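Structures for review follow.
What follows is subunit A paired twice: with subunit B in the first complex and subunit C in the second.
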Partner chain A sequence: MLSEVQLKKIIEKVITEISVGDKVKGPEVDVKAIDETLDDKDVPDITEIDLKAQVLVPNPENLEGLLRMKQSTPARIGVWRAGPRYMTETLLRFRADHAVAMDAVFTDVSEKLLKEMNLFSVKTRCKNKDEYLTRPDLGRKFDEEAIEIIKKSCIKKPQVQIYASDGLSSTAIEANIKDILPAIMQGLEVYGVKVGTPFFVKYGRVPAMDVISEVTEADVTCVLIGERPGLATGESMSAYIAYKATVNMPESRRTVVSNIHKGGTPAVEAGAHIADIIKQMLDKKASGLDLKL
Partner chain B sequence: MKLKTKLFGNVYKFKDIKELLAKANEEKSGDMLLGIGAATISERVAAKVVLSELTLEDLRKNPVVPYEEDEVTRVIEDMVNEKIYQQIKNWTVGYFREKILSYETTGNEILRISKGLTAEMVAAVAKLMTNMDLVYGASKIRVTGKANYEIGKAGTLSFRLQPNHPTDSIEGIIASMMEGLSYGCGDAIIGINPVEDTIENTKRIMEAINEFMVEWRIPTQTCVLSHISTQMEAIKRGAPVSVLFQSVAGTEAANKAFGINKDLIQEAFELIKKHGTAPGPNLMYFETGQGSEMSLNTDHGADEMTLEARTYGFARKFMPFMVNNVSGFIGPETLYDGKQILRANLEDHFMGKLMGLPMGMAPCYTNHVNTDQNDQETATMLLAMAGANYYMGVPVGDDVMLSYQDTSYHDDATLRELLNLKPAEEFFHWLIDMGIMKENGKLTGRAGDASIFLKK
Partner chain C sequence: MREEIFSTGIDIGTSTTQVVFSRIVIENIASVASVPRISIIDKEIIYRSPIYFTPLLSLTQIDGEGVRQIVEEEFKKAGLKTEAISTGAVIITGETARKENASRVVNVLGDLAGDFVVATAGPDLEAIIAGKGAGAEKLSRQKGCTVMNMDIGGGTTNIAVFKNGEIIDTSCLDIGGRLIKLDLTTEKFLYISPKIQRLAKGLGIKIEAGLKVKERELAMITKAMANILEEAVGIKAKSEDYTKLLTTKDLKGGYPIDIITFSGGVADYIYNSKETETYKYGDIGILLGKAIKASELTTRIQTVKPVETLNATVVGAGAHSMELSGSTITFTQNVFPLKNIPIIKVNQREKLSEIIQEKMKWFCVENRIQQVAIALKGKQNPSFLEVQQMGDWLITGIGDLLEELQQLIVVIENDMAKVLGHTLYRQLEYKKAVICIDGINVDNGDYIDIGKPLANGRVVPVVIKTLVFNS
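Take a look at the complex of A and B:
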């Protein structure tokens, strides 16, 4: 709940903003105003505006009350209208929030990042992103060729096999992998656990990990995979972890750590947590519902 | 029964009616995933040609899931009016399409014919139709529903206020509710999807929205969209609510996965008739969508559009107040992109109306589908032309609890203006009294200010 003081501050801020917005903007373009020397860090970003503290209704009957209402929900209320349509600001913010979510799904993890992380890459049986989205069955299978690459490139029978996969958000991998992978490795090193060769799977669904588990004959397999994005959040990643995963095993044998991103559980923290879980799985030879954490 | 045709000298053969119905579909990713869709565009058209020459009797005798195996088939089959069926059973599907579109056939006549139809006939005729056929055909058919108040009458367009909240905060729900009402949204129903499906929580939300409705004398009805058995328990413990909700599907196995069957829905209907706050006679609210059977592995190898028609056949047994279609909610494995979602929306609205249901639409999308706001708005406008009874109303289209995008309060107000439609009569008068809407149906200068509801 907001204190009176906090609320007053917000109201003052909103009133100032409203009065600024009321200034009539002239039609002349001042050429000098197009400032190419403006430093990137000073460039405004509409996605940084705190929607919960923003009221666009010009003369509400009860501004204080409206601000309280806005604090009670993340829903986009108090947005006002142009005729019956959205204000431009509301519309563009919505489009930006959807764009970042869609881009997370429809773009690929960059080759540069994979190289930098020293991850080799294999594909599931999906030929492209369209097929990945429409054929969940193919996103859990590999061609012989891909299996051979994994066999050739990976340490056999490690205690733990970790790999990353784009899933429904490439952005999640871009945002988290550099922090989370070293964190897990370090954590496991402390426990003296032997970790296999990490790599990347393009167009992967979660059950692809069962194939990886069978091919590498790891005791524990862990996939770091992009979650389906919500509006404005493309960076969320999950870890699915299982002890001796096999193809067609029940879903209840997977342990999940979800909501890994800077607004949820930060990658470094999640990495340490995952290393702990893996250690317990190795000790208790179980995962999912069979493993009481 | 002929299951063969030629196009440009090439012969196309189909194994049975189930395969034919699937291949006659416009392209859907769900049918392709099951491997039952047409392999080429020509094969798709060949299937439509063969289908156009089948009789309605052929379709009745070949349901996609046998009578003995499936409760949904039995519900639909047992409701057929035999007198009406006798009059239409020799019609070909091609003739049936023309009959629906003909100037000589009124909406009331279509609704009479409707009583002699099974789901396979409804799906078949829709498969022969183009998008404009679907809009035109549906626009003739008016089906209203009445719980407290009647919605769906000619000249009106109504909206379900959907003020969901990610933690079921009553304060947050009421805030979004006030916002929606200030845009003229809420005449179909005020309905909340709760996060926590418990009796206590359901009862708590039912009480809060009912209290608000009564206090502000809002001429509408209320609903909380937890599982139907949870709602029933809440009512038994005294919770006030107008309408009961449930998601339904087109096979017995899918309904079982939803935790329901015919008897449970019947029991719920009897309960709400006796202990609900609304006089009815229509007291059930159903939600449906293409692809739900497939995503639950309960499709029996039948195409998602025919299964959707079966869902409507099941729903009509319970004389619903509203049926809401949410094709687009599941994701790209059932409907790949904006084009497929739009097509499914138009099919579903038409098929529902042809089945005699008070159809409303939720042209919606998730973030992993290849579509955007523009596609969604296009679908919404076309469905309004087709005569959908109602849409959802979500703040700026962003449902913060279900994490998908649907129609907004702003879209609702815009649609009414574009097509010169008014809210349901009693609600319209309430909006005028509240100073939110003018007599001409346009929003007033104070519409959009939710704080007008902070006075009490």
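Take a look at the complex of A and C:
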């Protein structure tokens, strides 16, 4: 057994050697070069496997029954085991899905997409993602400059003001906006409702819509916003819709349509449904709990 | 948000007639923050009529007035007004001349049976309805297995096969308890159906009306009938007699059967063969039940007694004939109920317009077309552009015939009816009424009834009348 003193000496020695080694110049590593030469095209992307159809149980008693059970839930059931633990594949998939969720939060909605959709962009008072995550209060406010841009670029007093916002998942916007926005617009056209100028809000929290409602003086305001991603999907989007929203109004005045993604309600059908809700809000001059749908 | 609707089922069989009333409860089962999902959450039979002998004018003709009297009386006994009934089905079963009977009964029941009641069905739909009423569909879903229900009535045996809650096969055979009728006092034959006469001839037995009944001969005939049912299940190779007794097409087969359930009047004597009075009903029903009980049908395959035996068809008609559309649909005009709309199903993705155009021609008479509905599978998660394209193809395919249609009716399987409905309405420049519903799986040869919207206009009740089953 080593005594405590002996242990201390060993540690000191190791530390000195490490710091000495630091001073010795090792071969220069060009990180960029590695990145460029990294060829992962032969590495399969495990997140592409459909978990609901993947059976890891060897020789299942009733394969069809197991598949039916798996179809009924996004939960990771029937994953088998290695001793008392997950199999490597299950563990890697779990971490990969977690990474998808992290990416959904930390990436930005691409400028290219916004341009393609013809959406101008404003920012809340958050300066970056870290501030967005740590200061929810700033994610619902705009500085004067942003307010001016909105005022200048948008039709005044529209019946409906629609805008998109990254929220907690930029991936959700990337995945759904191209299909949901035109579906809402088409639905509103069918119902004969006039729509304002759609745009995009970066680093937005849901109550930012209250400010936008006040600035544009819209009757109904609707935000399409990325939901907090989970391990099942990072693409889920919600629509929060309110009649004459005002800053500091009760949350109960918002109507929500959630779970919009390819495994939930399809974006196009959700869009048509949202148009229907907006029409009813305009007819009944109410939203949230006041509006019986 | 709960809503209750009342449904009626009327089963007019070769031998008996019955009426049931049921209460169906629908509710939005989606969470508050989701797109609504309105579903049937409860079905309950609230009234069952006694079993009447079907009033007949002749051996094959149903007495429509007599049926009307029975139904009127039962409404009174149940304490229900006819206006309270919003859905249901009238099923005319058996070997009797279906078509003439059907139109006669429809005519006399027309105003009685509510706004939205189906009349008649082919043997395939009968089989499905009986299977659902017996609970075979539910059993197959709960156990995750394949269940065959044989509904053995007076004139026919309707066979339906369910796998995991889905119907996969149907057929119908001329095998039933009242294909031979006897006079109890004289112990002579009153009636023998021609097909059974032929079957008996093959066994070397000559029977005809007026001859004395011999139990040994009847035992041979019912055993032969049970053998035919064994052939249907696949325990024995199919004989020539089997083919002759088929009233429609044969079963497609190709699946193992885990469980058999028997329903219909004869079923009670399969599960309970203690009845000592063999000719209690003046027919061969009890003998046939015993013959089936003694056959390999009950020894080779697991048999389960269903929740309904004698009443399976009427319960199925009363409680299981209606389904709900998806909860996001489009209708630009409330013109419901719509009845007997034939389906044009298009499966292909390519050349959709051309195929629609061609199939529409089938329904044209002298360049005029009756109201039809176009059915598509759709796509699970379509893009907005794909929806626009689909709308385009549909409208191009229908072409000039659109003028002839009262409204454009589209029935789609996948959840996209609201957006497709909006698309079509806009593409038609709001000039033609559009009805677009989803969550409904239909095929060529089907007819549908679409009832008045429920749940604040979110869903419509739909009855699919499958005339030919071949999906």
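Everything that follows uses one rule, which is that the second predicted complex is superposed on the first by the 207 of 293 C-alpha atoms of A that agree within 3 Å, B and C clash if a C-alpha of one lies under 4 Å from a C-alpha of the other, contacts with A are read in each partner's own complex, and residues count from 1 in each chain.
Here is the rule we use: a residue touches a chain if its C-beta (ideal position, glycine included) is under 8 Å from a C-beta of that chain, and two chains touch if they have at least 3 such contacts.
Remember, predicted model here, so these are calculated numbers, not experimental data.
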item	value
When both partners are placed on the shared chain, which of subunit B and subunit C touches more of subunit A	B
Which superposed partner A:265 touches (first subunit B, second subunit C, both, neither)	second
Touched partner set for A:135, first subunit B, second subunit C, both or neither	first
First, second, both or neither for A:49, with subunit B first and subunit C second	neither
Subunit B versus subunit C as contact partner of A:179, first or second or both or neither	second
Contacts of A:273 with subunit B and subunit C, given as first, second, both or neither	second
Partner chain in contact with A:62 - subunit B first, subunit C second, else both or neither	both
Which of subunit B and subunit C A:187 touches, first, second, both or neither	second
Set of subunit A residues, in rising order, touched by both subunit B and subunit C	62, 65
Partner subunit B, residues of subunit A touching it in the complex	57, 59-63, 65-66, 69-70, 72-81, 83-86, 90, 94-95, 97-98, 101-102, 104-106, 130, 133-137, 168, 228-231
Residues of subunit A touching subunit C in the complex	62, 64-65, 68, 178-179, 182-183, 186-187, 189-190, 238, 256-259, 262, 264-273, 275-276, 293
Subunit A-facing residues of subunit C, complex	32-36, 144, 164, 328, 330, 380-384, 387, 415-419, 421-423, 425-426, 430, 456
Subunit B residues within the subunit A interface of the complex	29, 32-33, 163-166, 169, 171-173, 175-176, 178-179, 183, 331-333, 336, 366-370, 372-373, 395-398, 400, 403, 405, 408, 410, 413-414, 417, 443, 446-452, 454-455
